[in-house]
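Common to both upcoming complexes is chain A, partnered first by chain B, then by chain C.
Here is the complex of A and B:
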């Protein structure tokens, strides 16, 4: 240790031990996870989200009643022994329907978010990277999109295309594309000025490769945060569409639909509205907590 | 405002030990640091980044971040215990008795408040003056820090001032209450050479007027040598040498101090005759457990004893102490670098890059900004062309035009017979391969998500056309060896490497395709001096071995002088002085070059040059002065002709020309003496 050779190669400081890429990635992932676990916001949100996801998958095994089974004698029963959350106007068990309702929303919302994410990332990369007229044209289209309230577009499209699950996913995903695109674009604008992009240009990389290979891996943080935020919106939007009668149709146990149906009975059977609404609220809050926790960790 | 000398300025730091809490661990940053600053004395603290300089400064102001823990030690300030003072006391002391000037004046000033109001605020808060009195006091203070046209400056917002003016305003605020202690944390880092010289002149001036004690923190040995009576050298959180500035720099007695002094290129050093002496190894990490001397693993004279027990500060002369067991041997340590130089490949007489009438303008909402305003230059095969100039002179735009990162507005670039006046993506592959660039900041220039191996592999693929894993790996090993990277460095991401290693990767990448020319844009200015030396050696070696040409951009004249065969000096987008390196640096040269040269701080204490003060600020590139662009600041301005007529090129021998109305013979005569100070009126 005492003598040092005359070469001018620097010896690595022990604090940053030289690891290979895979080990380093593992270590970073571990660190990220540890930081997330330390964040109370994230943990609470994740627990709520995990509950609903498990419920969405396994509701068939845990519901006490068939959520679709009509009970002509048991209509509008208040919460009690046999029916914890009461029954609705057709005598269906609200508790079972709340549990079953997670399934539809947790298929539509993530699928729509994923679609919006793919589209938005593509739009954001192209507009942010090329700037110039590409950016101008696409950005004006995006602005036009943003000028209309989201629900209005959805109503128009679903009314003309028909309202099945695929169309709901499609319409939410398409509406999300410019929104996510804007966030991605601003992240790309920062990255493209970094000199590693200049170096890539100097070795003659094509635009597409610079976008996907050089820039994209460096903006996964903001994209991840955007995805969780959008997921909460998607849940809400899906429920709103059902509520407006543009989503799934009776007898589906969808929450938005339940709230819409229950609205008429608000005075006599509050449980028909409160329980699905509470379920929806917890899910949205849970996703938002996850988003907040993630955002704080990513930004650190 | 003349003030009687205050005798309460003495600062005594005794056994200061500070750690930072990270997670549950305590990482030691300062260990047992003790020194005193006498009243009215300037004490310099030097060391490379990560040595703990700023932590000392922050401790002294009690501005330490919340995760810092003062484990032991004391700081006495004019007889008062600083560490025991409560927040209220501190608040009043901070304005009244001590003040600090930070590195970046642009961020230290509040951008939404007019400069005058910000200075006046200090008087209102600490002196209880009313608004009118405070404004008057502020105006007086602004003229004390030599801001011309004080009335106008006071009404401006910080962003409307130049960097030098902003820093003057910071000084005005710091000195407003006539503090006993002034802490300067790298006050000129980030400022241009001529502005730096101005600010340093100001500090010297103010010292005479105010008799404050100064703690001057800097990584720049030359500046500390010039400004301070005594210096302390910090290494890994320990004070390893202390003494009077002249003695420490003339006769260093710690191997680290010696090494630090040797690795800086001094003006007059040339790559052909002198090799730079880098410090092997790197700084121990924060919180490292070192039972012996902290420098032992990098020290050429370390022995077993050094590793086993920590040395104390040994007195070597009156007031000069060094933390080394073998301090007597330090003066005899031979230079580490081998002095022998391979013979330089002679610069061929073949033009490699021909730049004709290169113009680059930007348009910002209607106004046209001229970044490069018509540059003609020829660079020969195997030649190193040094490009100097202050920020805003257009050097980086020039470089970016040449490699094709930005569009050329007009003009012609011809490289190895190919027309390269277009963007890199539109050039023939051969032109891209043969013309590469090394960027200033290696953190930015290497993609953080890719491993070093994949970065180099891609360059080999595209630039050298090497396909197939095995051939690539072979060539990569070769490439890594040429920049002295080890195999284990290849499989990591850039973040796991030190700054110097990152820059080696960036250099390797640009050399992947066997280039004929590499543009180096400030390749060492983000690095510490010891690392800078190693990188410069590497660049010189590569250049000799492969016969490449460099365009070497730097604000550090000593560095440019060291590597360059010929030099161009840029001012406001125009070349004003071009020629063989030794001739550009020798008289006669353009008055701007003369001013730049006089601004270099040096740690050869005996050597003193008259400093040439440039008046006024760099004109905006959107409004370049008529005639000679330098006439608004030129200390040797002739008169009307400079304002109205563009100066001709004056030939001074075959290998040097400059743009000025003063012919060579006359200029040589003039430059034997320093120019007269210029009246400010010409500026506005």
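Here is the complex of A and C:
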């Protein structure tokens, strides 16, 4: 590209202007999709994730037993026969509970991620665009948040606020805000030096308009990657909190809770913990594969 | 160098002050009056007021924060109203147990992760690289309790090689492995993922650097170039990641210690949170933050010493 000082002497044909921004955007989106389908990591992860999402929506139609129905005569039955994954200490069907358990974590984690994403994008846009003291203050607060493991903050806050699903979403979402904000900020720092931002400034556009209409559409790539990485982490955290007894309570078929309840019976009924553990493991690995595939494609 | 150290030290102190705000603020969210909580619903309002006055909980917020923070710095951490014991010896003892478990996991996994990360980078794009990367990625994803219960079911319940719950080991090295290996593995999984990934990225960068090309063109043996030029430079970002993982480790300890009933600070944090033992909870959380900040400060120092660009500046 011609330098500013030299531009009046060099005669260069102007770059072909992009006439239709929307068509250009559509073309890029198609390219991105094609690259994603070619990524093995992404496809495997997406298939696993799709399986659990469909299960979380339609489990009522496919469970062989009511996941909450207790069976006093059928307690701690080993896998086989009518109960593929065995039964728990109350005689509930583990297979049905595993299928039903995806729903809670797949509501809590995306809700928390969405909350953090909205807050983090706002914080990142403002700090990256204006910089200065706002930026310094937010950076210090982020450092302080990073000094405490997420689980420890959550334990501290949930112990004070009380343990329920809404508080878990709030805690994870609020802690994600500065973390996502930092990623968005570094993307904004690159974009704000671009010509189109300078052009918008010269046109007299206001700061907020430049942030939302000019910069934001250009950083959707890194934000998407950040969102999937955070989603995986939110699933990890939400499951851990219910395992620690800070989330949903019995009789919910939540996986973390099932494992916590099954701990006391590990000696006699391994199936009570292994199946929900395996389910959770496939879900988190699936989301991470999606995140990794997406990251590679976007960064290329 | 001394300016660098002072600046880092200053930032560490600021971070700790903000953390103390967070901890104090969170404990103030608890609804209800402190005196009322301790004395119960049948005490008279006068008794409650008197206790509030003795405890200082009727004073304005900034004054209470100041009293609390200065007591903590002076080493007066108070008495746990729930367990009825001095908070400081309790927390420090549990912290010691956690450090034993954490250090055990770190010592076993850090050198191995760095080695695997370097191997992945040296085989960039080949099968070994893909295997190490995907394994690391999956390991990061797995919550500690998921790995933990699977390990317990296989190695403690079915095979009977390890106890299902762990105690603080004695001096016998066999006992160390018997008690600590199973709880350490879930944390080692996560650590492996992060550290190997960073070591790989650092090595890939260093392999493409000009100094590496110069060293190879100079005719130095490959082994020499790899260990003296590449790995050395690749260690800089890796050190930062290891120190950040110290913070993670404590979070992992909460889960692992709970699962294995190991008497560490993580278990104490959860117990005091469940038992509304704020005195102990605050001390635990502050200690965790201090450990993390000290680890980061040491990492910054190591970074400065290893990196001449920082050392000389």
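Going forward, the second predicted complex is superposed on the first by the 273 of 300 C-alpha atoms of A that agree within 3 Å, B and C clash if a C-alpha of one lies under 4 Å from a C-alpha of the other, contacts with A are read in each partner's own complex, and residues count from 1 in each chain.
By our rule, a residue touches a chain if its C-beta (ideal position, glycine included) is under 8 Å from a C-beta of that chain, and two chains touch if they have at least 3 such contacts.
These numbers were taken from a predicted model, which means no experiment stands behind them.
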Message = Let me test your reading of the model: by the given contact rule, A:248 touches which partner, first (chain B), second (chain C), both or neither?
response = neither
Which superposed partner A:187 touches (first chain B, second chain C, both, neither) = neither
Query = After lining up the shared chain so the two structures overlap, which partner does A:256 touch, if you call chain B first and chain C second: first, second, both or neither?
reply = second
Request  = Answer with first, second, both or neither: which of chain B and chain C does A:267 touch in the superposed model?
outcome  = second
Message = Let me test your reading of the model: by the given contact rule, A:223 touches which partner, first (chain B), second (chain C), both or neither?
response = neither
Query = If you stack the two complexes on chain A, which partner ends up touching A:202: first (chain B), second (chain C), both, or neither?
reply = first
Query = In the superposed arrangement, which partner chain does A:289 touch: chain B (first), chain C (second), both, or neither?
reply = second
Inquiry  = According to the stated criteria, A:103 is in contact with first (chain B), second (chain C), both, or neither; which is it?
reply    = neither
Inquiry  = As a test of reading the superposition: which chain, chain B or chain C, is in touch with more residues of chain A?
reply    = C
Inquiry  = I'd like to know which partner A:157 touches here: chain B for first, chain C for second, both or neither.
reply    = second
Task = Share the list of chain A residues that count as touching for chain B in one structure and for chain C in the other.
result = none
Inquiry  = Using the touch definition from the top, list the residues of chain A that touch chain C in their complex.
reply    = 41, 140-141, 143-153, 155-161, 232, 236, 239-240, 243-246, 256, 259, 262-263, 266-267, 270, 273-274, 277-278, 280-281, 284-285, 287-289, 292
Chain A residues within the chain B interface of the complex = 1-21, 24, 194-196, 198-205, 214, 217-218
Chain A contact footprint on chain C (complex, rising order) = 11, 14-16, 18-19, 22-23, 26-27, 29-30, 134, 137-138, 140-146, 149-150, 152-153, 157-158, 164, 244, 247-248, 250-252, 254-255, 258-259, 269-270, 273-274, 276, 281, 285, 288-289, 292-293, 296
Ask   = Which chain B residues qualify as touching chain A in the complex?
value = 278, 280-288, 296-300, 302-304, 306-307, 336-338, 403-405, 423-425, 429, 432, 436-437, 439-441, 444-451, 458-459, 462-463, 484-486, 488-489, 491-493, 495-498, 500-501, 506, 509, 512-513, 531, 533-534, 537-538
